[in-house]
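Have a look at these structures, which come just after this line.
In the two complexes that follow, chain A is the common piece, with chain B as its partner first and chain C second.
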Partner chain A sequence: MAYSDVLLPGDEVPQEQLPSNPKKALSIGPGLRHIPPSTISATSVGALNVDWRRNAAWMDVNGGRYLPSTNDPIIVRVTGSSGEAFNCQITPYTSYAALPHLSFQDATKKTRPQLANGALVYARIATPAAHLLHIDPELTCIDPSTGKSEGLGPLKGGMLFKISLGMARRLLMTSKRAKEDAKIIILDRLGEKWGFEVAVGRNGYLWVDANDIQRTMAVGRAITEVDEQGLVVQEQEALAQKVLKQG
Partner chain B sequence: MPSHQSAQVNTLPHPDGSATVSSNGYTVLCTVNGPLEAQRRDEQPLEAFIEVHIRPANGVGGPPERSLESTLLSFLHPIILTPALPRSLIQITLQILSVPPTAQTLRTGSAASVARIALLPSLAHAAQLALLAARIPMRTVACVASLAVVEGTGEVGVVGVGETGGGKVEAVHAVGYSRQGKCLLWEMSGRGDGRGMKAVEGEARRRCLVEGGKGEDVVMGGVEGRREDLMGWLEGTIGGWLKGQQRWKGES
Partner chain C sequence: MPLEPKISVNEREFLLDALRQNLRLSGRKLDALRPLSITFDPDDYGVTEVQLGKTRIRAHTQTTITNPPPSRPFEGTLTITAELSPLTAPHFELARPSDTEALLSRLLEKSIRRSGALPVESLCLLAGDKCFNLRVTVHVLAHDGGLPTAAFVAVLASLMTSRVPATEVRGGEVQVFTAEEREGVRLQLVHVPIAVGVSVFDGGAIGVVDADGMEEQAREGEVVVVGNEVGEICGVTKWGGVDVGAVELVGMVEEARKQCEGVVKWLKGKVEEEEKRRAKRDHAGERSAENQR
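After this line comes the complex of A and B, so read on.
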């Protein structure tokens, strides 16, 4: 990695490195900010990424605390229940997110799920926090376009593992091309031999259930190892062989 | 100068960001958590509230630590892009892990103010690296050099590293420059005149950013083209850390 690829806070992004599609407004993602009239400068460290087709620029950012944004799938912990919503925690020591009792598939006042304190829920962010209005984030377990749960809902059994935000983003890349970029094969390799369920939360959590505590642990630990040590594809292959042999 | 210092990013697994920095014989561990929910009385409607805690190597903190905290806060406040995180709290905790043997008993008197100046670079660099690791939006990055002026000769050297040749020290300064060359910190203790300050300014600028900001042809994390200034050292540290984070891409 040559030094010129990496930006530090306060560095201006040279105009010629930014995409310039005359038909679309330039969209800037994490790590960059716009100083009127036409300066784009970095607010974090990392390499600059650009997409000329979508006229977008952003920075490779991994680490830090998760900041809620609309439609992100996340794993939350229920910490209590008020009149019509569960209070949920997205990250520790931040304000609660509300998960309305009726925002589960087929939920009515009588059939709504009864969630105890500490229960885990796989949910989507409906509205992120609006700081100036003093509004906390709101969650939902229903896809608004279909009215179905689409995989969201209470997570029963299994185990929760902590992963980095970058790893969560990589695991959630599902389109064929994005999957190649994500360079994660460990799940596919383990999935060829074992049956298990995983849920990935953008807030840096991974939930695994293989109906068998030993296998659940093996899968979760394999993925955290890939994350912590930054294993490349060949190393993941070797790790998968090792894990399958032991389990 | 970089040979006297070392730094590591993300040394702890649980905080949002952490860093350990050693320089001038001091080792400082910094952790950053944020954005968190601020207490009602601290909450500010249009910007983040920053909290700085400094814990000494032994015992509990007292007035010297409170004074250092306020100095560090006024240095960090313009660096952090606080309007990007309104109503939230950014918590910065610095634990001094080790101090040079000579500074062990320096809690009062002029020796204490020398120790305070000598400690500032480690605190400032550790806090900024931890903030970067926590991905707190920032306006810039700054380097701090601590310098001593020798009585009589007016010679300027680094505090506590013996570069002043054992002469009697007239004044000590901690001076910080941003990447864009702006002075963000100037703490001094002792006597000084305009000419002395001028010499300190030139020397501090040279030690902080020898190339006046950006280095273009330096290979990150490598030994090649190693720069001798503090900004070069900071960039190298960050580069090494980023390289570790990008390992999975398998490009190197």
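After this line comes the complex of A and C, so read on.
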């Protein structure tokens, strides 16, 4: 990927690259550190991202492991049920998250979904893990403001593809806010011709269902290719053309 | 203890549905191996690293001189150790060997050592007194299915490129020469056996060559076929799983046998290429004993 402003740990962020909204305080996100009085320096390698409207700056690093944080949409695998909640696995080799039986839309004790071991659920993180208190993350499939599922819930059929964490973030970012070279247009292009459903989990998973095995595979493979080879917008256009021609 | 991550129901069902339509997630054909590649340590003999898709295995051969076992005074020894450690994946533990590890080392032992691929008599130096002890260590660096194939290629490539020190026996005394004094001797393998696994799906109806990690989790059984370069079947192993009909089994074995033949030919070509490169680098032509004095 062609990033113009890649910083290394210890690099100072030039003042002119930081947003300077006089009304709001500057908020800095992961990968940046404030050294008083007015130095902002990078603590990890990555590309500098700024949001002028929200007066925010953060580093985008495509790497590391997924750390649950509140409100992240994620795709989890049910590994069992205990008492009042399903045990779900967010990422391999980490402790389970709890998904209460009643945190599905319109769920009562009688109508709650029956999820088998190995079922996939698209959920949101209600509370992330609190390691010092030994509390595992808690998930929910309800939007607290509306009480509706808003697209969350058990995922039936389809196929799961593994994508990088950076790709998951890029897919979830609205294309207006994304940088020109970080835009993902392949799903839009494929969606113009084919009908399919996707769910993007911030924990690095993509679920695709096109009701047709070949198409589901084609969509999943196209996204994986964009991810692995870091294709820019024009290359994504070409790939979309190729995929549509074959399918 | 970290548990092995399992695949979801959706993935399992999708894989099976796709296989019923002769499709694989990787885009491969049902009877195709993943791309194999091999690298040799440029400075050391018998150190190889094999990559089969995302599976990576490193093997190296060490030679020591020991006393032969009293029961077999005319034979040297060959030991193959394969260990899956947390280096491979967090759910493999050193203290507790997993089934994968036990089956892998058993297969290597059975098909390379006990099939007599390397005549151990050739490792004898002085009957009942001195012999070479070859020890091949297999390290699985990354596990994405197809361990038998990758491990066999790694072990055999290691044996084919390794050297035992040149020796001379004079009056009951064994003199061992260092690599500087006299060039080491290549091992003479009788044949090169390679394993190819056929994974069984859909109650024994579908056979898939060289399953990757996800397919291995979804499969219902596996038939491992060991074959060599002349198309002989050296061994067929099936560790449990669903029943496979005789006709299907013959088809799977035949398919795997063909694959084995191809892999051995490829491997031999790679080893020769490497030997030529080494000979050129070490100016072997100038030092040949056949040269005019």
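In the analysis below, the second predicted complex is superposed on the first by the 189 of 247 C-alpha atoms of A that agree within 3 Å, B and C clash if a C-alpha of one lies under 4 Å from a C-alpha of the other, contacts with A are read in each partner's own complex, and residues count from 1 in each chain.
The rule is short, and it goes like this: contacts are C-beta pairs under 8 Å (C-beta built on N, C-alpha and C of every residue); 3 or more make two chains touch, one makes a residue touch a chain.
Here the structure is a predicted model, which means the values were calculated and not measured.
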Which chain makes contact with more of the residues of chain A, chain B or else chain C?
-> B
Is A:112 contacted by the first partner chain B, the second partner chain C, both or neither?
-> neither
Once the structures are superposed on A, label A:120 by its partner contacts, choosing first (chain B), second (chain C), both or neither.
-> second
Look at A:214 in the shared chain and tell me whether it touches chain B only, chain C only, both, or neither; answer first, second, both or neither.
-> second
Can A:155 be said to touch chain B (first), chain C (second), both, or neither?
-> second
Please work out whether A:62 is in contact with chain B alone, chain C alone, both, or neither, and reply first, second, both or neither.
-> first
Between chain B (first) and chain C (second), which, if any, makes contact with A:93: first, second, both or neither?
-> both
Give one of first, second, both or neither to describe whether A:9 is in contact with chain B, with chain C, with both, or with none.
-> first
Answer with first, second, both or neither: which of chain B and chain C does A:77 touch in the superposed model?
-> second
So which positions on chain A get touched by both chain B and chain C?
-> 93
If you look only at chain A, which of its residues touch chain B in the complex?
-> 1-4, 6, 8-11, 33, 43-47, 60-65, 67, 93-95, 131-132, 134, 166, 170, 183, 226, 229-233
Going by the contact rule at the top, pick out the chain B residues touching chain A in the complex.
-> 10, 16-17, 33-37, 45, 79, 81, 84, 86-88, 132-141, 178-180, 214-221, 235, 238-239, 242-252
Please name which positions on chain C make contact with chain A in the complex.
-> 2-3, 5-14, 17-18, 21, 23, 25, 27, 90-91
Which chain A residues qualify as touching chain C in the complex?
-> 77, 79, 89, 92-93, 116-120, 155-160, 207, 213-214, 216-217, 220-221
